[in-house]
């Protein structure tokens, strides 16, 4: 509270915007790669993309780490410290679950030619794209309508992901006779559904940031 | 720290008490419905109750959302901002896991006529009732003994839930030959046990709030 | 921010260092017991050690509880309140997952004579030992090189744990025909891998504390 009041008299530290935008860019790229992975029938070609995703994921970890380091270094932050912490964590989680999903496909030698997995990958990509848009608008906070539109879309995409997850799990238990395969595929569907939950977490933090500066 | 000191000179914002009480009321109602679900043999009648629970869960989400919005809007809060955040999240999680449990029963077409599930539903309801009592006392903080009694009960109920969970899982692996059924029922027991963990989380936040104002 | 600035003029409250060191000591002892559990072929002898671990885990819970109580009581804290909260939670989680792992071995009547479980127990113990070292250095923050070395080791141990987890899961799905056994052992590998994640969480908080006081 003291914070918010004092911030009115403070210059903004732009390093956080740059770092958040870079992480959000990486999340967007990874979500695009995830769609490719889910539509690539060849194991080795999939592995090449997954390896690229791993590199991007590591780069994102470094950026997230820099955000926390800057948070420790900077007395002045553009918005509340806890919001910076939550947003950085949410974006990091999105990247983690997207990469984990792709990795598990080859790790478990799953055939990704699966409607549920392919549709969920599309939803994750759409949601990551909206997260990137919203993060990009934080810098000036001029176009509130645009941010709000993205946040609404992210929430509705999370609901679509829930329904797709339910349908996929229902189908999995009904159609897959091998319980070990059920365990593997369920783990992949769960990671994908969680990725969209984390996009919603990011949207919620962004909303709380907007509210404070409205 | 600066906060706590300044708060001594500040009027209290009562909107948070009202919102917390409404969420806690909904959690209590949902926990009562969960007992009904676990004792209703008919799939369709169960579905009617589960649909009612879904509506209450959505209403609670809106209330939780209002708490976070108010947290952003208000310079003055009745207790530390992070405690308001943690308590709102804990209550929201209790509602989520109670609804998730009920939903999974019909989703997986499980017969809830199961001692473990029925006993866990009773424990969740008792715990949610104590959470509601403790939340209600935050407003005046006059009856510390009453709050403390509720917190102690919530902790002991969480231990009872752990034991009931262990017994249920042990029985499940011993008695259920179909591994796919094991996966489904284990998921339900886990959601129920987690619901009591979240009640304990709420109790821990409430305790930390009391300590600061003792 | 206001905080950090004011802290420059404040005496340090040493009770937090003592409590953190005691919790970290308990985590170290529990991780040593976990190795013993994984190398003890006799069920009853294992149970004796697991019961000892349960007592230490309860003692740690009390200490963690005291940290949160002190956090509420103390206006003056040696480092940021949220860092104290995160570090206490991380150490508590390490203890929880170490105890949960040991408990599940006898609960599921698993034979711990398993390369993956034994190697993961070694990694957890090494990581817990480095966490204890780093926590011990927080008191004076004189030997930054020593702390940094521990943090680097904890991160590399977490990567080793990930690889060992992957190898164990791959082997489990390939070699174990009984899906119910797969579920049980997978749960144990997951708890062990999570224990090392929580050590990394502790390392991350400690790093953020150091950064602020560098």
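All chains are identified by letter, namely A, B and C, in their written order; residue positions are counted from 1 within each chain.
One rule holds in what follows: contacts are C-beta pairs under 8 Å (C-beta built on N, C-alpha and C of every residue); 3 or more make two chains touch, one makes a residue touch a chain.
All values reported here derive from a predicted model rather than from experimental measurement.
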{"item": "Classification of the subunit B:subunit C interface as same or different, half of numbers criterion", "value": "different"}
{"item": "Turn needed to bring subunit A onto subunit C - CA fit, degrees, nearest 5", "value": "120"}
{"item": "Geometric centre distance via CA averages, subunit C-subunit B, whole Å", "value": "27"}
{"item": "Sites on subunit A at which at least two other chains make contact", "value": "2, 82, 179, 183"}
{"item": "Residues of subunit C touching subunit A in the complex", "value": "1-2, 4-5, 82, 166, 170, 173, 179, 182-183, 186, 204, 207-208, 211-212"}
{"item": "Subunit A residues touching subunit C - in the complex, by the definition given at the top", "value": "2-3, 6, 68-69, 71-77, 81-82, 85, 107-108, 178-180, 183-184"}
